[in-house]
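Next up: the structures, one after another.
Each of the next two complexes has chain A plus one other chain: chain B in the first, chain C in the second.
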Partner chain A sequence: MLRYILNRMVYLIPVLFFVSVVVFSFMHLIPGDPVDYMLGFESTPETRAALRSELGLDKNIVIQYLSWSGKLLKGDFSKSVVSRKPVLSTILEKLPASILLSIAATLISVWIALFAGTIAGSRRGSPIDFLVLILALLWVSIPSFWLGILLIMIFSLVFPIFPSIGYVNLFTDFVRSLHHLILPAFTLGATMAGAVTRMTRSEIIEQLSKDFVTTAWAKGLSRRVVIYKHVLKNALVPVVTFTGLQLGTLLGGTVVVEEIFAWPGIGRLVVQSIHARDYPMVQGIVLFIAVIFILVNLFVDISYAFLNPQIRLGSKD
Partner chain B sequence: MENSTLSQAWGDYEIKTSSLMWKRIVGNKMFVVGGIVVFILVLWAILAPVLTQYDPTKMDFSSKLASPSWKHLMGTDHFGRDIFARIIYGARISFQVGIATVLIGFVSGIIIGAIAGFIGGFWDGLIMRIMDSLLAFPPLLLAIGLAASMKPSLTTVCISIGVVYIPRFAYVMRGSVLVEREKEYVEAARAIGQSNTKILLKHIWPSCISPVIVLATVIFAIAIIAEATLSFLGVGIPPPAPSWGTMLSESRRYLSSSIYPALFPGLAISIAVLGSNLLGDGLRDILDPRIYTKIK
Partner chain C sequence: MILNTSILKVAHLKKYFLIKGEGLFGRRKDIYAVDGVSFTIDKQETLGLVGESGCGKTTVGRCLLQLIEPTSGEIFFEGMNIVGMSRDKMRDLRREMQIIFQDPYGCLTPRMRLSALLMEPLEVHSIGTRSERKDRVAYILERVGLRPEHMQRYPHEFSGGQRQRISIARALMVNPKLIIADEPVSALDVSIRAQILNLLVELQQEFYLAYLLISHDLSVVKYMCDRIAVMYLGKIVEMAHRDEIYENYQHPYTEALLSAIPVPAVRERRGRIVLKGDVPSPINPPLGCRFHPRCSYRVEQCDQIEPELKDLGDGHFVACHLR
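Let's turn to the complex of A and B:
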């Protein structure tokens, strides 16, 4: 197991290197002079020269990359062009709001998926199964930003039950925080729920064909006990792993959902930074999220290997 | 004598692959429904100038935020532009992006995947680590980062989304090539002196293409949503181009006055993506390698 973990971590080194190269290249894809683009033509030559020097853009590209990546390794993600605050501290300031939204969305997604997927899988071929499949396909097809707009229309304008914008810290006012959280979390979670529902349904169908289920039926156990106590428990491992792997979809979705609901997380921050042409901030956020994504995938891989001996024993070959 | 027995046996053993394949295509409800939906939308996009008299970018402040009527089938937006016209011209943008994105990802991905899978060893490792680094980003975030760094245009959007999905095509192609290269027909081709290039292009490639084609339909649907998302966030196709995402973004400020500028673009995106998803799911079932055979 330790060897498997070390193998996976060593494999990450070239991946992290290439990730840093991709993020580094963002600044150099900008047409023309990136400093002029960021500061605009109203800025003075002195300001432009100072920023060029700060970002290392007056040096050779290889030196630029080495200097930039060297600073990254020390935790220096450079400074925001707009606020002049360190990028990393700004990201960490906004991170809790995004984490809260992501956790709430994942919980909603998993609950919807487990409920719908179990009912559909245990009644394969029935009208309920067909309905769940259609709904799951619809959930996958509806863009999250449209769903968010529809929910705002219905639950904030027509029936003013939930606020359309705003964030309250969970520890400041728990009830108000949940009240503001429901619409954005549902929007984000529903987007993921379609894919996870289909996965849950497939796993339930597969588990129902196993010998232990035949034994359970033969013993005269009730349908509820067979499905919820035996089948669902076995189906949960791949479903949870799949949910973990949906993190990429979730992180991309937070950018859009935070923008719609004015949720002050890192997703909204990246959109604001793009419009403000704050490229050090954009680079910092994208790199930060990519590293989180890589680490979470590593954790999911290791957890799955821990739960499934075939994976870790297979790696020895 | 023996030859006539063999030919008779072969004659008795009739493989109706092509007719059975046709039956599978028309019998697969998802493929048929998805195909019809996508066909209708493509037809709309092509026949846009015929289907509407309105210029999708022409403003008419005298009829802004109008409700649906015979004059404006889906109403008008905050600039008085006909929403129906913008929807069907927007279909052109969505399908252009979908097709271009798939082509970029498909062509690049299958070349990279085929080379990596066939050569193996150090180069396979290096190429796939580069692919892994692109996969390490949440797809939408990488597309946003790339699109925001370049000059906003249709080309930028196509490249940004296409590049993001190259690794997926590469991995699927590589997986298929790894399986095929170990098969006996490849060994036989090597034994008769065929070059690696010929083996790859003539023998291995055709056997590996089916799963990549299925992936292409999935990526097509994703590309439509991705373009709409980029435009919604303001880093996609710039206004006044009638991108469905831009239409949705602009509609937010006027929700309390009129729901139609938000309703119809969202419906259009959902229907286009649903049709593409159904087409992809159906195609996956049809291209299942277990081909029917029939013995007389």
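Let's turn to the complex of A and C:
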């Protein structure tokens, strides 16, 4: 197991190298100049040139990449060219809000999905099944920017139940924090909820046809126990993997959702940094997200092994 | 009180499955899987149910346990009709009747340890305390030839024969009176079959069990059963004591089945009756006697009138116009 984990860690190196090159080149391909943004268009050419050389933007692009990545290897994410603050500390400062949002979205969507998927799968062909399938398809298809705006309209403007924007630290005011969390988390989790619901449903149907389910009925177990203990437990393995893979999509989704709900996380930070052509900041964030994405996948693979004893022992029948 | 030795009495059991016809507007059709089956099983008796694949043997077994709902008919377990019984009442009855499946690989939940798997039936029926349940698991495991330390393992860590022992242990946990064994050895290696069959015989004596043994293997049935019922296309065509069936068979289908048993003798040549054609479709069974299209003794009335199950005396029943 440890060997496996180390193996996977080694794979991180080429992936990260590739990501860093791609991010770097794309950022510099976007037209626009951070100097314009910082000094305004009325600035004199002299001040602009001075700022360029100070930021290292006057050097060859390959040199720029090497100097940036060289620092990176030493753990230095460089400084923001706009705020002049270190990139890493800015990311870490914004990270808790994003993590909170992602976790909340995952929890909400997985609970809804497991519940709806199990009901639909165990009552295949019933009106409930039909309804769940349609809703799931709807959730998957709704773009989050539209759903977010719709939710704000309904639940903040027409019925002012939830606040439309803002973030409150979970540790300063727990209740208010959750209150602010619900709309963005739901928006972010909708796609995932739909996808996981469909996955759960089909897995439940698959497991229900197995012989051990008949055994469970013959034991005299109640419907609840058969479904939750025997069927759902076995259906869960692929669902967990799938959810883990969806977590990556979730990270991408935070960019849009945080922007809509003015949520001060790294998603919003990346949008602002792109507008400002803050090269080191964008590069740092994307790289950071890539690392998280890979680590999450690794974690999913490991938890998969724990859920399925057959994989753990490396034996197959 | 009337002396009643039968534990299970099945009367006119029918199970039709609905299938969708071909095409979008295809008409729904019935499959006559089980079409009017009656028999009884006495206490501590083994009744064999034999027949070709698809003749409805397994459906009968599952109907008895209400794992599928019969279309009509009555099933009396110890005098109580269980057809249409409420779920709660049926749950109590599941203590008394258990089932062993053919496939020892698929019938155990893969993600539960043996101890949890075996203790579950006791928990459902709230039998004993936790430590008593554990003791019972250890005791039963030992009885079926496994070691108590196997309790902490998962099903996939056992061989096919061991898994069938686990299935038997699972069925025995609640101390049932009737066990339906649906092809209990057909998925196992020949070398292990005898062990499992002997185990079933031993357990029958020890726990006073009655068996319904569903099998297509006539040598297994001959070894195990007191009485044998032969099924063809959803109906019982002949039923008698074991020796009667093997030595004094009356139905042409039984004759053909028995002639198909391989004999371990090189020189002995026997007239083997090879049935022509396939089993007719249970969607559209033949009129009259269901066996008549393949029967070599066919007479005029066979394709018109369905023969009744006649009592030839001494518990021998046959459904054939010639007898």
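Just so we're on the same page, the second predicted complex is superposed on the first by the 264 of 317 C-alpha atoms of A that agree within 3 Å, B and C clash if a C-alpha of one lies under 4 Å from a C-alpha of the other, contacts with A are read in each partner's own complex, and residues count from 1 in each chain.
Following the convention adopted for this analysis, a contact is a pair of C-beta atoms (placed from the backbone, for glycine too) under 8 Å apart; a residue touches a chain by one contact, two chains touch by 3 or more.
Please read these numbers as outputs of a predicted model, since none were measured by experiment.
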Notebook entry, point to check: Should A:49 be classified as contacting the first partner (chain B), the second (chain C), both, or neither?
Noted result: neither
Margin query: Applying the document's definition of touch, where does A:15 land relative to chain B and chain C: first, second, both, or neither?
Written below: first
Next item on the list: Please work out whether A:138 is in contact with chain B alone, chain C alone, both, or neither, and reply first, second, both or neither.
Entry: first
Notebook entry, point to check: Can A:152 be said to touch chain B (first), chain C (second), both, or neither?
Noted result: first
Next item on the list: Kindly classify A:214 by the partners it touches after superposition: chain B alone (first), chain C alone (second), both, or neither?
Entry: second
Next item on the list: Have a look and say if chain B or chain C is in touch with more residues of chain A.
Entry: B
Notebook entry, point to check: Between chain B (first) and chain C (second), which, if any, makes contact with A:178: first, second, both or neither?
Noted result: neither
Next item on the list: Identify the partner contact of A:275: answer first if only chain B is touched, second if only chain C is, both if each is, neither if none is.
Entry: first
Margin query: If we overlay the two complexes on their shared chain A, which of chain B and chain C does A:29 touch? Say first, second, both or neither.
Written below: first
Checklist line | Interface residues, chain B side, partner chain A - complex | finding: 129-130, 132-134, 136-142, 144-146, 148-151, 221, 225, 228-229, 232-235, 245, 248-249, 251-252, 255-256, 259, 262, 265-266, 269-270, 273-274, 277-278, 281
Checklist line | Complex contacts: residues of chain A adjacent to chain C | finding: 210-212, 214-222, 225, 229-230, 233-234, 307-310, 313, 315, 317
Notebook entry, point to check: Where on chain C does chain A make contact in their complex?
Noted result: 62, 65, 67, 90-92, 94-95, 98-99, 101, 103, 105-112, 120-121, 124-125, 154, 156-157, 167, 170
Checklist line | Residues of chain A touching chain B in the complex | finding: 11, 14-19, 21-23, 25-27, 29-31, 137-138, 140-143, 145-146, 149-150, 152-153, 157, 247-253, 255-256, 259-260, 270-271, 274-275, 279, 282-283, 286, 289-290, 293-294, 297
